[in-house]
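Order of writing sets the labels: A, B and C. Residues in every chain begin at 1.
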Amino acid sequence: MIPPKRKNPLLRTRAALQPPAARSRTALGITAAAARGGFALQVCAACQAVQYPPREICGTCLHDGLAWRAVPPEGTLIAATTIRVTADPYFRERTPWRTGMVAMDAGPAVIAHLPAGVAQGDRVRLAQKLDRAGQGAMVALPLAQPGDLLDDPMMREMTCDPKDRRVLVTDGRHAVGQDVARAMLAAGARVWLGVAETWRPFAAVEGAETIELDLTDADSVHRCAASHGGRLEIVVNTGLHTRPGGILERGDLTTARVEMEAAYFGPMRLAQAIGPALRARAADGTHPACAWVNVLSVYALANLPSWGAYSASQSAALSLSQALRADLRPIRVVNALIGPLDDEWHQAVPPPKLAPAALASAIVKALRDGVEEVAVGDVAQDILARFRDDPKILERELAS
Amino acid sequence: MSSPTPTSSLADFAADLVSGRITVIDLTQTLSADFPTIALPPEFGQCAPFRLEEISRYDARGPAWYWNNFSCGEHTGTHYDAPIHWVSGKDFPNNTVDTIPADKFIAPAVVIDCSRETAANHDFVLTRSVLEAWEAAHGPIPAGCWVLLRTDWSKRSGAAYANMKEDGAHTPGPDPEAVRFLVEERDVLGFGTETIGTDAGQAHHFTPPYPAHFYMHGKGRYGLQCLSNLDKLPATGAVIVSPPLKIQGGSGSPLRVLALVAS
Amino acid sequence: MTKPTRRGYDGIVVAAPTTIPYERYSIHGAQRWIGQALAAALKRAGLRPADLDGFCCSSFSLGLDTAIGLTQHFGISPRWLDHIPMGGASAIVALRRAARAVQAGDADIVACVAGDTNHPDSFRQQLTGFSRFSTDAVYPYGAGGPNMSFALLTDAYMRTYGATREDFGRICVSQRTNALSTPHALMKRPLTMAQYLAARPIADPVALFDCVMPCAGAEAFLVMRDDTARALNLPSARLLSTIERHNAFAADPIQLRGGWAVDRDELYGMAGVAPADIDLLETYDDYPVIVMMQFEDLGFCAKGEGPAFVRAHDLTARGDFPHNTSGGQLSVGQAGAAGGHLGLVEAIRQLTGETLGAKVADAKVAMASGFGMINYDRGLCSGAAILGVDG
């Protein structure tokens, strides 16, 4: 893809419309799978029939036990069309738009978005992606060419490739922020790296532009937003203030307040200052503003009492991210859930620990994949799996 | 009861203020979010930097008024140290900012100008011999006065002000002997500096560590730090007005420090 | 157990074919359009509202109203009432139910009315909430509406059976010819094959003249016994047979055939006629591909021979295979749920001699078919009826 042209300042910035967002509650199973980068359809517990569109009752045997399961996503494209006239303003700005009918090997016939190049008769792999309304959508990808379709106009509506986008990484003091900056640079982004309290020594990241940014300081945040808010496409909030300590053991709130500033108030400040501009540019040109990434502890899901106050701050941050997801739409809010980092604060924590560089790579991949939630590293994946199995059991496990 | 009659000298003072024969000099750094604070190892509790959050500004949050909430540590910006700040001063009566007698908040000051030495050596140490040399020139340091160390450090800002290296901050300050001399032999009211603390950046390595804190507060004396404009003060003759906020049980507070100087 | 033979429709006739001339957009509600059609049908039959004891309604744009709300709105007190939400199959389904009600004596005269209004944003609003499956799995995919759905069916049909755009063009061009003599047709200018082929693409391979124009309008007819019609001195057509089928061939990955193929033998058998006996055919024609499927599935040619069939026949009202003789929805307009009534009402007109436009010479037997409800990827409802001249 050609690097984005500079925008014509005399033209009105295209408003950020969203595709039709209405779905039944049942259909949100596709949204959930897409948010996590999975592929799931309902399968009847009685007759094993794979269902689509999402149902409440099996279309084969009337059984009411339909569970979302990973099913083989392959199929054949049996019909296709290029929509040139549409009732919806979002799609009207994006015509011609291709859709097609895929006969899945697993049974159902699925209407799906099509990238350029895939043709009738082709074998395809269906994927579930989040569209700009944040809803799960079926896309049919060519089986023969599984390579990246990051430059395909349809796929660009589903994903957030950092290439040729301008990225703010909030915390250049932390190894995570530094490695995210490096990963974004390697992915072809331009990077601004925030550094708080520049009176303290810090190491700049080569290629990234260091800017003063202290999320705990309203004035600093507003100055950053005023200077850079109108030209950012991705914000990566890497603000981590990781401190061990249970609630009773600490005995005071001083550290907890700083944790809440770093995890909750700071990102809220930044979102309030920069979010409106980001959202307003969500359809600006070929590389519109697209994503807000949070790095969160997986113990946001269930408290790890030995890091009890920190876990609570992460729960606040997780809840904030959910609110932002609604407020910022069509900007995608991506949460990278992590276990212990391989850093000085987890010195006594046994491995496996997550290398900041591995986290950075996972964030870039999550943006390219267009997911909304990614658990990075063995511990985070383990905890997330336990959480999804039974939150109460996980709570008791962590408290033992 | 009749009101006390103002003394003629107070009337003269007021007249001198109005006429400009006495100049008021602001020794205070502006409280702002980016002003450096003391940097301790991160496993310790930290002094909160100054923060301002707007409540309203003639808008929907308050149509006709502008105001802010602010937050900070007691030892943020230009601030006052009460004796209770240090473990050596924890048991004195009236050792907190709310109980220190009000007459301690207005006092004369002497200014020890070490700006030339500090320019050459960031780790300049104020020694007894430096103080004695000053006394040789200006006379003995009087009891009950502030001793202010002029280094012109307040002309720096940001990283140059904090001057943090891998082995910590490098800023000037007194050695233990100098502090003991001031407290025990000269009975001063307190010690004031232009740097983030009353002690030198490397004072952790002195014995005892942080002697200005240890001895000053250990004798119930006070500290002022992050002062500015000391270069505008005479070596002797200035009067310092430095009342801290009346924080219940407080160990210190940000404050406005004013110097009265004969024009 | 042997399957009992379906009872015939002896003595049941349809009459008073009624059309309220269509308008592209209307500032009025569907209630007005339906009420006008009901009033016109009753007037044609010389009846007062109090004489009506059966009412059946179809509409997409009544808001929260159904047939029952309309009884109070119109001041009628029927003893038999129905509401048919089956889009383009509603006319056939309404006819079937009304005929049995009259036959059983549950009602003497049933007015079957369909109508819709159309505002500039009606179409989009209807698409956004058309069905659960559509909301979940169709509309978010480009919001192409039925154009997109029929584009996929047309694409699959063309690839499977080798149909060309010219083949579909024959259907559309012929219907335009028929429409030119229909006074209320919205399309008033002739359409050439060259114009058809050069039309603006809408959703490939569907182009402008493959699509119906949504509009406001209403259609109605009356169902009664033949003696009632005679007492009213009302021309009528006999109902000979009907079929109805829903969600047929669910296992087909894409719709290349409709439910008519399941039931057509019964349709002809009940009427005692063969395809060759049909003097005129009124198919459901929101897109020409579904017309071609009806030619096949209703037995006028074998599966996949629709393209050859349209190449071999003149589909105009005066041709050898008169089809959609008033111009059909493609040239008259699609007045929402009345789209399926349009063909049936035209069939009645041709058999009772009340045509507004071109008349099929010596028409004795007519077939009307219906198709409706693209719930997800295909039309779920299909139906057909054969009518004969009375006497």
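In the analysis below, a residue touches a chain if its C-beta (ideal position, glycine included) is under 8 Å from a C-beta of that chain, and two chains touch if they have at least 3 such contacts.
This is a predicted model, so every value here is computed, not measured.
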Quiz item: Computing the C-alpha centre of each chain, which chain sits at the greatest distance from subunit B?
Solution: C
Practice problem: Please give the pair of chains with the highest number of C-beta contact pairs. | Solution: A-C
Quiz item: When the mean CA coordinate of each chain is compared with the mean CA coordinate of the whole protein, which chain is closest?
Solution: A
Practice problem: Mind checking the centre-to-centre distance between subunit B and subunit C? Centres are C-alpha means, answer in whole Å. | Solution: 93
Quiz item: Using CA atom averages as chain centres, what separation in Å is found between subunit A and subunit B?
Solution: 50
Quiz item: At which residue positions does subunit C touch at least two other chains?
Solution: none
Quiz item: Of all residues in subunit A, which touch subunit B in the complex?
Solution: 197-201, 212, 214, 216-220, 252, 254-255, 257-258
Quiz item: For the complex, which residues does subunit A have touching subunit C?
Solution: 19-24, 26-27, 52-54, 59, 78-88, 90-91, 97, 99-101, 103, 109-113, 120, 131, 133, 135, 137-138
Quiz item: Touching subunit A in the complex: which residues of subunit C?
Solution: 123-124, 127-129, 132-133, 135-145, 147-148, 151-153, 155-156, 159, 200-206, 250, 253-254, 376-377
Quiz item: Where on subunit B is subunit A touching in the complex?
Solution: 33-34, 36, 39, 45-46, 48-49, 51-54, 158-159, 161-162, 164-166
